[in-house]
Amino acid sequence: MNITDRRRILGPSNAKPLVFERLESSEQAAQPPQEKNNENESMYIKNGLVSNANGSSYLELKRGESSEQCTILLSSVYGPRPSRGAFSSKASLSVQFKEVTIEKIPSGELKEICNFLSNIFSAVINLERYPKSGIDIFLSLIKNPITSDEANLEPIIAACVNGITLALADAGIEIFDTVSAGTYKRNVVAFSKNGTEVVGLWKDKEDDTANDILSVIENCRGNYLQNRKGIIEYLIRSKNADI
Amino acid sequence: MVYYAQSTHSAYPGQLICPVYELEKGTDSQQVIRYIAGAGVAEQDYELNGQKIIALAATVVGEVKFDEELKEMVPSGEVAESNENEEEETVSTEEERHFIVSVTDKRQDGQAVTADFANNLPREGDIVLARVTRISQQRANVEILAVENKTTPVDSGVGSNGAGIVAAGGGSGGATFSVSQASSDLGETFRGLISSRDVRATDRDKVKIIDSFRPGDIVRAQVISLGDGSNYHLSTARNDLGVVFAKACNGAGGMMYAIDWKTMVAPSTGFTEARKCAKPF
Amino acid sequence: MVLSVTEKSYLHESLASVPPARPDGRKADQFRPIEVFTDFLPASNGSSKVVASDGTECLVSVKCKVVDHAVEEDLVVVDVDIAGHRDDSGFVQGIASTLSKVLSTQLDRSCLRLTKKYSFKLYIDVLVLSSFSHPLTLISFAVYSALNSTQLPKLISSDDDLDVAELPTFHDYDFVKLNVSVPLLFTLAICGKNVLVDPASNESDVANNGILVTWNNGKATAPIRTLGLNEDYVSGVSPQSLQDSIKMIEQVAPEVLQALGGI
């Protein structure tokens, strides 16, 4: 190769590339995966992986033993940062969802999910504390449990709710409650105030739970309490580990 | 049970801390204790057995802290008037204590700055450090770099470089830059303006902005209002407010030092320049 | 009209009181009057215009095309255009996606079946000329009346064309009415413990949450989900309110269908 790159300053010809020392993998040892086996569902949480975000969370949800049925979601929170335009006494919230591997979810449905999530978190974030600013939430779905053609969005939506809550808590943005979501069949319900209030309900597919919405909510609550417990345990433990 | 006397404990968002009011009963006296929501705490409505209760709940992860706010007592005459139907004895022994309840992150505790992670947006009354970006005869435009005694969030509040669609006004992350670089390069700081009337407290109508600030100066100023959509309104009309750092010859020369409230001198050359200086100590 | 903070707070209190006091004097389960015009676009197979009392206006046109249903999976395509909102905004795309999902999964495909090989493909274009409140209920009424006024060309060739390679031929001027059960989508506002049907814009501004309930084949059906109607008052709601809203739709939906069917 005799072509010299004349667009860049190449430096001296005897330059050597920088070599960094390998980092000790101390993190892995310090943080054993958090396993909770109930209905064969387990959750692994790690906060603060995205270094330039104000807060972030990495969430791995496994259903059953096989690694196929695994949802991996990375949520990051940026801001509050100044927003331009008209004066607003509250922060504005934006949620962006992206599949980083193969895009299987139609873009219209992604928009619906984003609308649904920003609706939930408008109710949850203490937006009055952040005048004239915007809070941006970015969700990256790293692994999708969808194997067949039929989109099964429910576990993903539940993971998004849990992931955003963790990321917001990591960012230190004021939230009224540790909101979490529970799924039951094809329903997702996001709760606050220890399950007495519903902040989001998503029922997209007809199933045999027909019109008994209360029993659906009741069934989701069990799953919610379990998820919420995991989130709170993680938050408290990681806080104590920091000190 | 007295809430403020409890030892500190960890809290997570949504955890109930205490009610808004509490009645502390001593042996022969009783007092009302009022809890006020501070940083990281919000008042929330709860319903218990059909009854509405207002309680304080944490909104961030951290340690619960109770700080007593020392206030002058309510004049007893007023109390007696409003509680005429109550017994005289109760009124005389009743006093109100105020506690500010806050939840703070241990990571910031004990450091020089008060803990208000990410919740550092400039508010009315806050002292901020700002850099002058542009001057005109009527005002100086500044960008707010930091709120004094507050930490800046990891991304410096300057935006995002996430994988997703970058929101309008979003840009690159701040962690790789220093705060000052990121802010000026990307124009993503909160902006403010110092009107010529707010430069100093006396002779307001004779203020010349050009003799008070120059672009590039670092100014200590107070937020007087949230302003409009784009600018905070700031003021330097106090002795301890004004230019704190400035370089001579519009930034070409060396650092200058204040010799009085309206003059700065460059020690290397001896030249003086006019500024509205902050009293250093 | 933009309400001040005080006006909003007053309105919220009155809507949350028992019984709710709605600013236009409606009962909790009362809709605003609407005007419906159908079948006025000569170039489309079915059309309708719905005008609500607050000036919200929605036009729907249904056009059809003959397609090989073995090749084309989607027999219903919905396009939504809302004046004052960008086409790529989350609001418009969310509504479009919800509508097309509901219509393509819940419309009976056999009604569109022409022959063993071919089907009609419906293109439903929705244009909201002006909207003040959440337009989904109105759009759904308009889609309902447009689909119920749709006339499809009458087939005169054989409907068994698996072996014969021929395209379906149609009668020169005779049409067949499309007979299909169309789902209706209702938006409700939850204020305190009250559930309000067909919220007006000022009511949406102070609602604690909104809920979307779909009605098809005589029962409430999926999708049922919460919708944010505003950003200031949105909060959690009790599970009972969700149950109440579905109950309310079960009560009013048959009457709405009757009213729309009478056109």
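Lettered A, B and C in written order, each chain numbered from 1.
Convention: contacts are C-beta pairs under 8 Å (C-beta built on N, C-alpha and C of every residue); 3 or more make two chains touch, one makes a residue touch a chain.
Note that the structure is a prediction, hence the values are computed from the model and not measured.
J.: Could you name the chain whose CA centroid falls nearest to the centroid of all protein CA atoms?
T.: Centre-most chain by C-alpha means: A.
J.: By mean C-alpha coordinates, which chain is most distant from subunit B?
T.: Of all the other chains, the one whose centre lies farthest from subunit B is C.
J.: Please tell me the distance, in whole Å, between the geometric centres of subunit A and subunit B computed from their C-alpha atoms.
T.: The mean C-alpha positions of subunit A and subunit B differ by 30 Å.
J.: Let me have the rounded angstrom distance from the C-alpha centre of subunit B over to the C-alpha centre of subunit C, please.
T.: Subunit B and subunit C have C-alpha centres separated by 49 Å.
J.: By the touch rule stated above, which residues of subunit A touch at least two different other chains?
T.: 192-193, 196
J.: Spell out the residues on subunit A that touch subunit C in their complex, using ranges where they run on.
T.: 90, 92-93, 106-109, 111-112, 114-116, 118-120, 122-123, 127, 186, 191-193, 196-207, 210-211, 213-214, 217
J.: Spell out the residues on subunit B that touch subunit A in their complex, using ranges where they run on.
T.: Touching subunit A from subunit B are residues 10, 12-14, 40, 42, 44, 46-47, 57, 59-62, 105-107, 117-119, 121, 153-155, 157-165, 167-170, 173-176, 188-191, 226-230.
J.: Over in the complex, which subunit A residues touch subunit B? Could you list them?
T.: Residue positions touching the partner: 50-55, 76, 78-89, 94, 96-98, 100, 126, 129-134, 136, 138-140, 165, 168-169, 171-179, 192-194, 196, 232, 235-236, 239-240, 242-243.
J.: Can you tell me which positions in subunit C touch subunit A when the two form their complex?
T.: Per the stated touch rule, the residues are 90-91, 93-94, 96-98, 100-101, 209, 211, 219-228, 231-232, 234-240, 242-243, 246, 250.
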